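So, here's a batch of structures to check.
In what follows, chain A forms one complex with chain B and a second complex with chain C.
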Partner chain A sequence: MISLLLIPASLLIFLVFGMPLIRYVWLSFHASSVITGLIPIPNNGGNWIRLINDLRFWQDTIQTIRFSFVSVTIEIVLALFIALILDQSCKGRGVVRSLTLLPWALPTTIMALGWRWIFNTPYGPIDQLLNHLNIGSLNILSSPNLTWIATVIADVWKTTPFVALILLAGLQTIPEDLYEAFRLEGGTPIQALTKITIPLLKPYIFLGILFRMAQAFGVFDLIQVMTGGGPASSTESIAMYAYINAMRFLDFGYSATVMLGGFILLIISSFTCFILVYHSTNVQEKITS
Partner chain B sequence: MSLILKNLGRKVNHSWIIHKLNLKVDKGECLALLGPSGCGKSSTLRLIAGLDKPDEGSILIGGEDVTNISPVKRKVGMVFQSYALFPHLSVAANLSLGLKVRGVSEVEQKKRVFAILELMKLEKFAIRLPAQLSGGQRQRVALARALLRDPLIYLLDEPMSNLDAQLREDLRPEIRTLILGGNKPVIYVTHDQHEAMAMANKIAILNEGVLEQVGTPKELYENPSSLFVAKFIGRPQINIIEERKEELKCIRPEDIKFKSNGLRAKLEYKEWLGSEQLILFKTSKGSIKMLCKGSDEIPEDAYIGWAQDKEHYFNKKTGYRVNKLLKY
Partner chain C sequence: MKRTYTLYIVIITWSLAPLLWQLYTSFSTTEALIEPFNFTVSSRWTLDNYQQVLTANPPFWRYLMNSTIVGLISTIITLIISIPASYSLVKLKAKPQKIVKLIFFSAALFPYVLLFLALLEIARTLNIGNNLIALTIPYSALSMPLALLLLSSAFKDIPSELEEAARLEGLDIWQRLRWVLIPLIAPATASTAILVFLFSWNEYPIALTWLSNEKLLTLPVAIARIAGSSVYSVPYGAYAAATVLGSIPLLLLVLIFQRQIVSGLTQGAIKG
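Up next is the complex of A and B:
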């Protein structure tokens, strides 16, 4: 009987999540563009064959993975340091904690505009500084080898607080007397970090990776505002490519295929993370017991 | 090897949580720090371990002043109330971690861990995680870790408060032989007077950070130096029979007897506890508790009294003992 009560919620999830997904899958097997007069015509998986042979899609995939992997790695390391600092008890800790969260609370478009200005050539502060140091302008936002680094920096700046918050929550589940017992046994603070904190924080680190990977894989707004995918598509993400196909080329069938391709890649990477999380959840149970 | 606390004091938020504490624990002696929660007994233990710094006074272990020495060098074996076992490490790894960080060779580590596991009958659980152990087993691992430290003094912070009554009784002899037999000073923090009396040679009663009395369990029971100690030691609690202007007259429930020419008492209620029963009488001097044999017949109306040499007198204002020491 209880399962009957689940029907409204399941229905809602199906309508807002399942239906669009099914529609996407259906659309990815149809040609639906200006050429067909936006009428979906079955094309026997032609979209998928095109996707597999689409070099721009694979380039975007590599760029998306590069962006996600580099920024998430940096975020986790930085967030661990920040969380360790925020976990210390001192005066005004609440204020510092709130301030640390500020970048995360800022709308992405606004902070992306700010970072675009910071990296602006020749008026942005970074260029000004480089000129002062007689290094000369790096043309950060117009050199294909550097621009993606700028987007990573902006992403790290924005989302590190989020990861730090997750890790801070994890740190607070570790009882203080474990550290005290370790201290009495002769452990140094560094050993406490490597032998107690990090092993016990593992589930939270994986949780942070999982959340951030899912977000970074679908990155759109930050890159759209900061670089528009350029220069020379060097920062374009899968989500952006899907958007361009739908909104610029009005090829909805192929756009759906690109989005699904990205979705499958995301599932694979998330699943990998999930297995890692699963293997460390037993550690979490031990903390709570 | 003895432990001496001299004038020890610690302030938190400008108020003393431990003040002018003087104690001496000799080797092979077990001192129980007893008191209600918040009396400073755990804080005292933390000061001795070196986890907190005193604001006043000094700590001497084996004649050496260790007040400003790091916790490791004090070589204390501490059992935490929560056991503080590392949840991500197996029992064997929990035990060897300390040896590892102190730079003991791997062969030696294995040898010593195995020996202690055998001693504590924990061999079967060597590869289990703390979460897979029962409360009593966890407690034994915590004890094993303290033993393995080969400390100069043992500090036990309510080591049995997380166990059920039966297990506590079972573990008492084990702890006594393992730790008290080690010929080292032992400090045992507890809020349970029965446990303190069973485990310790000496009991120190703390009240709001101040030492009320220190002595053998017998001394504390027979001649409490203050009303606080009298109320804390002995169950059921001592009767206060207010009489004189400045003094309180107190008699223990077990010293109250039926007496034909005594005080007229009306039975209010009784608790039958098996070997004994607790009776509450209503008298002209207020409610009086009495402890008598479980087999005794209790009349509705009775006359009760007590021997004069069982009377304890305490100052009404200060709570200190007024009359001479009693001889039981």
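Up next is the complex of A and C:
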């Protein structure tokens, strides 16, 4: 009887997560664009054939993977550093924690435009400093080899606090006497980090990777506002491409196919991650307990 | 001790520097804007940018209001639906409970931006685009997985003897929820509420595709519109002023609810 209370929540979740996916599968087998007057007409898998041969989709896939992989790696390392500092009990820790959390709490669009201004050529502070140092202008946001790095920096700035908190929670589960015993046996602080902290933190590190990988894979707000996918679509992500197909080219059928394609790639990569998690830690108990 | 403080300063600088640059830009005149490190520029400081943002049509506070309305309503809907649902989730048998939780966990992980097209189709079919109240339905639904995970783990932490005792006192299920269980999960409810509010306040892709009426835009969309006008001629001074004004409510929220946010995020990640 009591489980009836689960119905409204489950219905809502099905409405926004389940139904769209079913709709996409259906749409991906139909042509539905301006040409058809947005009336879906079956096209025998034409969208999927187009997707497989679409160089832009694969280029975006490579870009999305590159962006996610580099961002998440830097985030984990930086977050570990921040978590270790925040773990020290010290006066004013609460305020420091709040202030480090601020980048995460702000809307992505606000700071995406803020970063665009910081990387601006020639008026942004970075370009000005480079000129003062006689290195010369780098044209960061108009060179395809540099722009994606700028987006990584903006992403790292925004999401590191989140990862740091997860790792901090992990640090607080490690008993203090473990370090004490290690020190009495003559271990150095660096050894304590590699022999105690990191191994015991592993489940949390993997959780952080899992969460962040899934989010980074769907990166949209940041790219759309900061670079618009440019220059020369060098920073375009899969989600961005799906958005362009739907809203600019008004090709709903193909947009749905791009999203499903991205989703399938995401499942493959999460699955790989998950197998790693399963084999190296006891995280499965944590998830289901 | 001293080293810890030095490191604190490093972290805070890293987190705040980009924001302080916005603050600095927001008070700069156009002449100062193009020479940010030249302090000899005459008439370097100005409040014009703020004036421009506050007197624009529609004025900036309107977007703040819209975001606040959407955030509050989404939070209330989410809590009303997720509290009883979490309670009943904990009462399920071990095996189905594990499966249901795993589904919620995957949903919480899902990059929801991929859902925007189907949600847009729903909005068009039902003709509920450009309606702030309607926007709270997808927001509540998208927040639901996280809310259920957080709240159900809070219900689970309540010793079952406590509810048993209340039952023997003759309280029915609604009375038990109202007088015993809901007060006990108050900290988790607060964490959930603040996280749902932040999500709804910050959400971008759905608001972007649902709203087109200037007066109804939420803050993230309104801000992005400034950028969207042209790649080359973003009015950075006015934009920076908008950023600063838009960040103040969140700065306050983070300072006040730091504890709830932290426990919500870590519980969500770990127990989830």
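Worth a mention:
We take it that the second predicted complex is superposed on the first by the 268 of 289 C-alpha atoms of A that agree within 3 Å, B and C clash if a C-alpha of one lies under 4 Å from a C-alpha of the other, contacts with A are read in each partner's own complex, and residues count from 1 in each chain.
We take it that a residue touches a chain if its C-beta (ideal position, glycine included) is under 8 Å from a C-beta of that chain, and two chains touch if they have at least 3 such contacts.
Please read these numbers as outputs of a predicted model, since none were measured by experiment.
Ranking chain B and chain C by residues of chain A touched puts C first. In the superposition on chain A, A:Ala214 makes contact with chain C only, not with chain B. Look at A:Ile39: by the touch rule set out above, it reaches neither chain B nor chain C. With both structures placed on the common chain, the touch criterion links A:Leu55 to neither chain B nor chain C. In the overlay built on the shared chain, the residue A:Ile190 is in contact with neither chain B nor chain C. Within the superposed three-chain model, A:Pro199 lies in touch with chain B and out of touch with chain C [touch as defined at top]. When the two complexes are laid over each other on chain A, chain A has residues 286-287, 289 in contact with both chain B and chain C. Residues 1, 4-5, 7-8, 11-12, 14-16, 18-19, 21-22, 25, 33-34, 36-37, 81-82, 84-85, 87-89, 91-92, 98, 100-102, 104-105, 107, 109-121, 137-138, 140-142, 144-145, 148, 173, 198, 201-202, 204-205, 209, 219-221, 223-224, 226-228, 231, 234, 236, 239-240, 243, 246-247, 250-251, 253-255, 258-259, 261-262, 265-266, 269-272 of chain C are the ones that touch chain A when the two sit in their complex. The touching residues of chain A, counted against chain C in their complex, run 2-6, 8-10, 12-13, 15-17, 19-21, 23-24, 82, 85-86, 88, 90, 92, 94-103, 105-118, 120, 123-125, 128-129, 132, 157, 161-162, 165-166, 168-170, 204, 207-208, 210-211, 214-215, 217-218, 220-221, 224-225, 228, 230, 239, 242-243, 246-247, 252, 255-256, 259, 262-263, 266, 270, 286-289. Those residues of chain A whose C-beta lies close enough to touch chain B in the complex are 175, 177-178, 180-188, 191, 195-196, 199-200, 283, 285-287, 289. Touching chain A in their complex are the following residues of chain B: 49-51, 71-72, 76, 78, 80-82, 84, 86-88, 97-98, 101-102, 129-131, 145, 149.
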